[in-house]
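For reference, the structures are reproduced in the following blocks.
In what follows, chain A forms one complex with chain B and a second complex with chain C.
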Partner chain A sequence: MLELHAITAGYDPRAPVFHGASLTIAPGEAVGLLGPSGCGKSTLARVAALLHRPDAGRVVVDGTEVRRWRHRAPRELRTAIGVVFQQPRTSADPRLRLRDLIAEPLRATGRGDLAAGRVAELAAAVGLTDDLLGRRPHEVSDGQLQRACLARALVLRPRWLVCDEMTAMLDASTTAALVAVVEAYRRERGAGLLVVGHDRVLLERWCDRTEEWADRVRTP
Partner chain B sequence: MTPVLSVRDLSVRFRMRGGRHVAAVDAASFDLAAGECLALVGESGCGKSVLASALLGLLPGNALTAGTAVIDGTDLLAADERTLARTVRGRRVGLVPQSPAAHLTPVRTVRAHLEETLRALTGTPRRELRAAVAEAAERAAFPPGLLDHYPHELSGGQAQRAATALALIGDAPLLLADEPTTGLDRDLVDRTVDELRRHADDGRALLLITHDLAAARRVADRVAVMYAGRIVELSDAGRFFGDPGPRHPYARGLLAALPERDFTPIPGMPPELSALPDGCAFAARCHRADDACRAVPRMAGGVACHHSGEEHHSEEPVRA
Partner chain C sequence: MADVVWRSHGRTRRSTRTVRVTVSAVITGAVVLAVLLVPPLVRLDQQAVDLALKLRPPSFEHPFGTDDVGRDLLLRCVYGLRVSLLVGVVAALVATVIGTAVGAAAAAFGGWTDRLVMRLVDTFSSVPHLLLGIFVVAMFRPGVWPVIVSVALTHWLSTARIVRSEVLSLRSRPYVDAAISGGASRWRVTVRHLLPAVLPQAGLAAVLMVPHAMWHESALSFLGLGLPAHQASLGNLVQTARGSLLAGDWWPTLFPGLFLIVPTLAVAGLAGAWRERINPRRRSELML
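For the complex of A and B:
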């Protein structure tokens, strides 16, 4: 299970963005979290991905309570969760070729020997050609870069995947293509999925259940 | 009626290092009348933003253009920078930008932005500025109480309205909105495009460049679909989104990919603009491609496809 219990978080402890958000995802389950922009749902996504320390509340990943965050989080927890953001340009290192961008989490965890095989496998899944794998972020379109960012999120074979507005900048066909990749991965590996977004039609079509942000938080 | 904007065979190519060329826009033609909204749809990298830049005279130095884009007797492609700066940008073409927060200067209030644009475009004297600012804000439904706020203190919707207020100041006959709803919530998307539509209803021509088909459906009178630098379909919006639907296979695939429809992607990816195939650029992804498609299809009757006429007969009963 990926459990978020009564999370309060923000960027100033005196004025949290939200209070008491709770959500639980079962293995293999796809849960949508629907809310307006600015409500704090992206911050909660970052908490769930262990990228942002909450001011209060508990995060439990497969029975282990998270006590450290970001690069201090234990490796086995960090690598259990993959994350894709809305803006591929701000989340991709501009110096890396797409091939190295995708392999980077493997190298960072000392498993660079797996890179060639995993990159080839994922590139085929997300539809990146050899030519595109050799390019840097500024040489590809937003859609192509987001394909690479999704491949990077899957390269460690995480048990949990967090997609924060992953398709908000993409056209209908690229959106459907990336969702299909995520769904194939979820089926194949039984991964659980948190989809954060503002598009009700998309979330309801994609996810097993869709939760309203307003119902998941406590009004202070 | 003479159109506000008349685009004929507009092409934009970029000269790259090593003598390569990127054909970003190829022979685009369309007219746009006052009071009308044309949505230009397509995926990122299809050339639609380059087309917008061409209409604003904002292409980089390595761009080669051909064709004409005439507004009020001025060919935007032939105009020099001085003409563009003095008579085109803001005066003939008002731009509603993609990310208003980035478009506004962070250290200046909304009021300071509006004052500067009013002075530059309308020469409003200092003592009348206050009233003119209030009026400009009201036209775009920007809340007067927020005029002294800085861009970072505004919500996405408020920033969008501030940017729209700026775009409306010069009373330009053409409003060009480049992905104005990216990243906005559906409610805010609806409100933003409804407001743009209102400005078209006031007599402006509106060119809405977007990848958001729902936004296009909501307000457009006509839809132009762009693929790999070419306009492949130009249709009445009602027919395009309703019955009988799009006629070009790419456009059909794009609509079918929507989560409220089939939610199935078009296989493959668009070709690189620097390495377009000789014939139809969609052929590698098209289930109807055959030998005829080795020649580039010409635009005829609003669609550029060798087999568009046959699509319906094969999938639907022939109507008497």
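For the complex of A and C:
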């Protein structure tokens, strides 16, 4: 289970973005989180991915309560949760070729020897050609870059996947392709999925359960 | 389609910036070649004293004239430039490495480390760095290395500030989040994602520092604190020429002075062009 209990978070402890948000995701389940922009759902996604320390509340990943965040969080906990961000441009290091971008988590965790095989496998899954893998981020389109970012999020085979507005920048066909890749991964590995977005139609078709942001937070 | 009319404009006309870069590159190239090739190829003794020829004005045999003990000034200038350039380049490199390491560490660790280090930088910056440099050389016997150490130790501060602010802005990029989520340690994030991004800035700071460091070497030598007086450095040459200037002999001061000014302007011109490439928006700040 990925459990978020009564999370209060923000960027200034005196003025949190939201109070007491709770959400629980079971393995293999796809949960959508719908909310207007600026409500703090991306911040909650960052908390769920252990990338942002909440001001209050508990995060429990597979029975382990999270006490340290970002690079201080235990590596096996951090890598158990894959993240895909909204903007592929800013979430890709501009100096890495797509091939290295996808392989980077393997190298960072000392499994660089698996890189070639995993990259080829994932490139085929997300639809990146060999030519594209040799390019740098500024030489590909937003959609192609987001495909690489999704591949990077899946390369360590996380048990949980957080998609923060993953498809907001993309056209309909790329959206469909990426959702299909995520769904195939979820079926294959039984991974739990948190999809944050504001596209009600997409989320209701994609997810097992769609939560409204307003029902999840305690209004102060 | 074949006649690309709009291209011809750019080919036939050159902007003053291009000319400046070309001139700077030619001068810098000539200077580097001169200091590298002249000493091994031209087997003349720069220290050869000939009192019969003392203080001769520029002539065909001695294009820059001779100094007060009859040494050829052109040769002395080239040797002096060699020493000054060596000091400048080494000091700039050392200062840049220190500055980059300190700035990146401060920004990457953040919190107390950052505050402590940056207050230390502020403290050192509040003392005029020539004064600080004099303090450092005064602790050693005169020589090339004390001057390098002195200039390097007083010049990493601005680089540390630049690198720190750059790393701070990069640190909050989503690709750093993605790297952390992918299991990267703080060290790996710094070395793999942050440092490569600041290297162009740090390299530019190093190049801009070379002329600055050369001037510091000259200032220290001129004050009699830098290199030993017999060693031909541009600062020493100007220093020894002071006496003869009052007697109306202009060449022992003019030529070493030009040797100091022209190469530094050339290096600064090249660095300016580089800065334009890195950050075109800051063009107004370019002129040195």
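Rule of thumb we're sticking to: the second predicted complex is superposed on the first by the 220 of 220 C-alpha atoms of A that agree within 3 Å, B and C clash if a C-alpha of one lies under 4 Å from a C-alpha of the other, contacts with A are read in each partner's own complex, and residues count from 1 in each chain.
Convention: a contact is a pair of C-beta atoms (placed from the backbone, for glycine too) under 8 Å apart; a residue touches a chain by one contact, two chains touch by 3 or more.
Note that the structure is a prediction, hence the values are computed from the model and not measured.
In the superposition on chain A, contact is made by A:G127 with chain B only, not with chain C. By the touch criterion defined above, A:R46 lies against chain C but remains apart from chain B after alignment on the C-alpha atoms of chain A.
Of the two partner chains placed around the shared chain by superposition, neither chain B nor chain C is touched by A:E211.
In the superposition on chain A, A:G143 makes contact with chain B only, not with chain C. By the touch criterion stated above, A:G38 is placed in contact with chain B alone, chain C being left untouched.
In the superposition on chain A, no contact is made by A:D62 with either chain B or chain C. When both complexes are overlaid on chain A, the residue A:T90 reaches chain C alone and has no touch with chain B. The contact sets of chain A with chain B and with chain C never meet. The part of chain A that touches chain C in the complex is made up of residues 46, 49-51, 70-71, 75, 78-79, 81-83, 85, 87, 90-93, 95, 104-105, 108-109, 149, 152-153, 155-156.
Across the interface of their complex, chain A is touched by residues 173-175, 177-186, 188-189, 192-193, 196-197 of chain C. Residues 36-38, 86, 127, 141-144, 165, 168-177, 179-180, 198-202, 204-206 of chain A are the ones touching chain B in the complex. Of all residues in chain B, only 42-45, 155-156, 182-188, 211, 213, 253-255, 257-260, 263-266, 268-269 touch chain A in the complex they form.
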